[in-house]
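Labels run A, B, C and D following the written order; every chain starts at residue 1.
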């Protein structure tokens, strides 16, 4: 029988055979041991899928609840990814989420439920471990950066201040944004950079069921149906946007929230597996407002620090602009650039706002686990750990 | 075996056994012979379902394309309703949509595709037959009322003018609105009546697949997916709203379109069978804006002419206001009041507009066939034919 | 405003206006007070929908868990029916499922989870109350009839024996079958009655999500997916069929299970809200086997005791036979005869068995709550209580 | 900005970075120019996705109807794949499907509709081009092999005879099987090889919508629904199985169809995008029948010629055997081994047959385009062209 046939499968997969990895930055020469908190959950599983072949991060320790601790990963997990569970992880043991089990880790990613994430993440931080969290617990903390990796990696500059508050030399805590916030701040950042202050932002989301975890949304609620409500979500978008699109104070010790930008959000759950679609309307402060063509050009040409730092997970284009009338669509476009990009389409004038467009982002890649990973890559490239 | 067991099924169906029909208006004592154009289509089938037990309208003639003409209804139709095809219609013959076949009809309902509706509907009109159309062809005609039966039945006052233009004594042509327009103008009319001019209206729709007819939306486009585009639909909402919510000139010979109301719409197709859900935001001209409680009260108490005229298909409440956070939902609430009402929920303040809410309406009942039927009932009650 | 407009909605609903109720049997002159156990669940909700306009059964007491007890029905229930919650039930109080609260009830329907149903149902029985259970706990009990109301109501003859065992004069306990068993035993009974012993029965099911209750099947498991496994279900079909299609001993004190009929079942969950579709293959003992036309005729002409007893919920036809190639389909045909009938189509010859066909039944009407109700109607008509 | 970031995306994708291609057989050193007939269709698109990075086959000419001819691929195609359209194909011109345009091609793959495939494929054959067809037209031809590449590549031995009939030295015509047949013959071949003749095979399919092409299945037919009928499909399974699992005559000039194996099939369409799931029951001729454990072992250890020939698209395992109760599931398991393997689960004893199991296969990879490609790889490895 043939040697390594599975390897060949890559040519079936949108990827050139003679591909090359970006020459990693110096920092990346080292191998980083990774811990995953909440490794059995939806976000945790996505961490494993995304990290399985990472050039310099290696999964080292898996954590979950005491219900799972002591079991192998295979026993403890109801795997719901469309990619088979990687072989190397099947027999790994699950540990309780206590820092004593994660001492050897260079970095910890958290996919914990918010009702348990708080103390666990602080315990890891205090153990001097860099923590990248998906939970909402510290997003509004005045000393914790809320970073979307293709938007505001400049907020890492607050880390020295955070460390000094906790008396740490290595550990720190960074959160990424809510998945529905993530999808819109990428194009909004591009617009703000190019055209200045945004006066009004209006969002209506149509969000995927995977955003609610597993078991999450009951099928009786969503087949031949939609639910025009997601608890707390509208407030998250309205609040987080102002932190992410804002800056830091001159001394890098506090956040300058946007003050003049009004943000309104309405959130809906629809029968889509992965990929949040959002109808976005924007009014600029600048008069006259930029034209549709200028807006499209700015979105198309937007680049971010994660790209210039040559991070291996950085998307080729942080924003993909579609010209077809009926795109982006979640099933067709959520995987653009491996799920690390945002797809934007239908950029056009509006009768109430200046312009409107449709934004689509993969809620468990750039909207969750991928954000954590790319944030970590940026932090490593910046020499933070 | 038992006598008439099927009759019993009514007690399984939300309806009191000892129900009574509203005492019909005098006009309704007569029996009206009904013709249906496009009887084999999605909207045509719904006409048949809705009319099968009507107290004074009886289906008399069925029309469709020349492909179907000559066949029995059963042979020609791919029935897609969840209610079995009524027995009486199965063996009825299909005719071509020419006025010579509809001479005996007192009224004609059209569920024709817009690419054929134009000349056929004019042919019926010229044959002196009252025509109620679902097609878009004459919605923007300056001599044709565009009537949502729970909103602007006052526009029937233009009919004498229309008749005089065509030299007719009995025939006339009325259209109902696009299904996505219909769902929002009902609550907006209530707000406009109570609080005066609306300054800004913003709509994002999530529309059912039945709105595209049959075969309509390919399943590959909508399972695990949504399509953020419906050709022409956004423009229809933006335009029709201003005609429907406007008035008539003093001489009842022309339409007073809204001039100061900005309407912006974004339309999406989602994996729902029936029922369009719409996220609506409103800013009032009046300052200060009414409170959420005032808005809810006005919506709850709204009544329309179709109700005061005691029309048999009129909903008990034209608007049903839900207090639950996560309602209305299409699968659960589209059939409220038999599909003739609009369900409204999540009325709340907005950060950019004054208020926002979710509106849900049944796109083939109040959004199509039901509108035609209730419009006809109103016209009869008003003595128009 | 109009008087009783809602009443009119019945003419929109497949039901003749001038319908009449079957003259009820003598027993039915009385009004029966009904208790519902597990009233807040999916099956419990369906009991309420089906009983709300019943000619002689009136909902009297609602029972649920101690979590719900003390609350109003509206507070305690996450209503998931497509028909609005009936007004009369909203403010009814929920009680714990103890017989002391159900003393006034003439009959109790149980929609309890099997992990709690056992002792509660026995408690009701011992309190001398007739109990109709949907739970699986006593289906295999040697003293408990397992009755599908359009199939084996003759098994009520065992009730005197059951009562004598418990020293009761009024109370008894009857279960209905698993929803997937129910759908197939109706046509199989017709075939067995007409053609004698069935040698082999092969079943592959495609079952609706409502069969798993609420929250039930996670949407991540079933959108763009199916699950080829339902725990315990295959064994239930294989076992229950032999009890239901069997007879009673001569002294009406025990069950004569089928012994020579081999039954094999495979069960799948699919993305359908209501309605189990089953591919059925049959080999008869009789040689030569009956022809397809004979089989269809027998299915079409099958009648059952519930019909001859003139029970108000009895279907007009226990089996509806479709001639169209692509029917029955769950969305279109599950409501045939109010959900109390089984729809059968594609009757044709098979290459391995004698014949095959597709059977569709509404899993929460004839497959659950409706079975309980129709069983009770039969028991009343037979003078059992 | 970074150099070739997209390349990196491969480490996000289940594939080791340092993968190697199987050392191709000698024949494969050459580069093969590929023509695709019906390139704009669902199967045609899949050919493009699967071939875009093929080690030795290069897409050279694209053919479609005269409606598309002359346009670029991008203009002519409604792309419905979840992977973005490969850049290299966008500006390629489409040609009519006439052999004069395909003269330079070393091989032609056909994804044509059966109503046009017949004469076009013969035209290509007569032009001395090897043709691999997905259409049904020649599957039952007595001179045309019907080959599933992981099952009966021995049937290529009939090609010399076919060529001599047409007086060709290079061209030949091979078809692959219907997608629902493909999924079952792989495990059945393994069983037949190990345990001898199969006496009875019973199949019930639950087939994906992509099997009907685009626009294909209307969404109104399949949301909250299933269709228990696919025209012609049951007969295809029953017939094709006997050709594929049969052998060749001693002179390699005709097919030895299975004669003693009874095959019965029932086909259903369900709301799944890709992946046909099939419930399979088997009775062996051999007594006693093999045990469940023997059957599982045989399935697990099955290998085929495509593997030993080291074909680049050959799956690592032609059959993946799952031990979990509720697997395989289409959304989770259809991509096993890139869609070239068949997933089998729930192997267990049956009450009517000897054993039963669930088989899942990707209907547009191994069930269509992938079969053609792997067949061509085998033919090349065998030196046929």
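Quick note on the criterion: a contact is a pair of C-beta atoms (placed from the backbone, for glycine too) under 8 Å apart; a residue touches a chain by one contact, two chains touch by 3 or more.
This structure is a prediction, so every number in the text was calculated from the model and none was measured.
Put simply, the chain farthest from chain A by mean CA position is C.
When the C-beta contacts at A-D and at B-D are tallied, the pair with the greater total is A-D. Each chain gets one centre point, the mean of its Cα atoms, and the points for chain B and chain D are 48 Å apart. Distance between chain centres (mean CA atoms), chain A to chain D: 38 Å.
Taken residue by residue, chain D touches two or more other chains at 80, 221, 223-224, 271, 273, 331-332, whereas all remaining positions touch fewer.
The residues of chain A lying in touch with chain D in their complex are 1-17, 19-22, 49-50, 52-55, 79-84, 86, 223-224, 273, 303, 307-308, 310-316, 331-333, 335-339. If you check the complex, the residues on chain A that touch chain B are 200-202, 204, 206, 221, 223-229, 231, 238, 262-264, 266, 268, 270-273, 277, 279, 281, 325-332, 345-346, 350-353, 356, 358. Chain A meets chain C in the complex at residues 80, 209-210, 214-224, 271-273.
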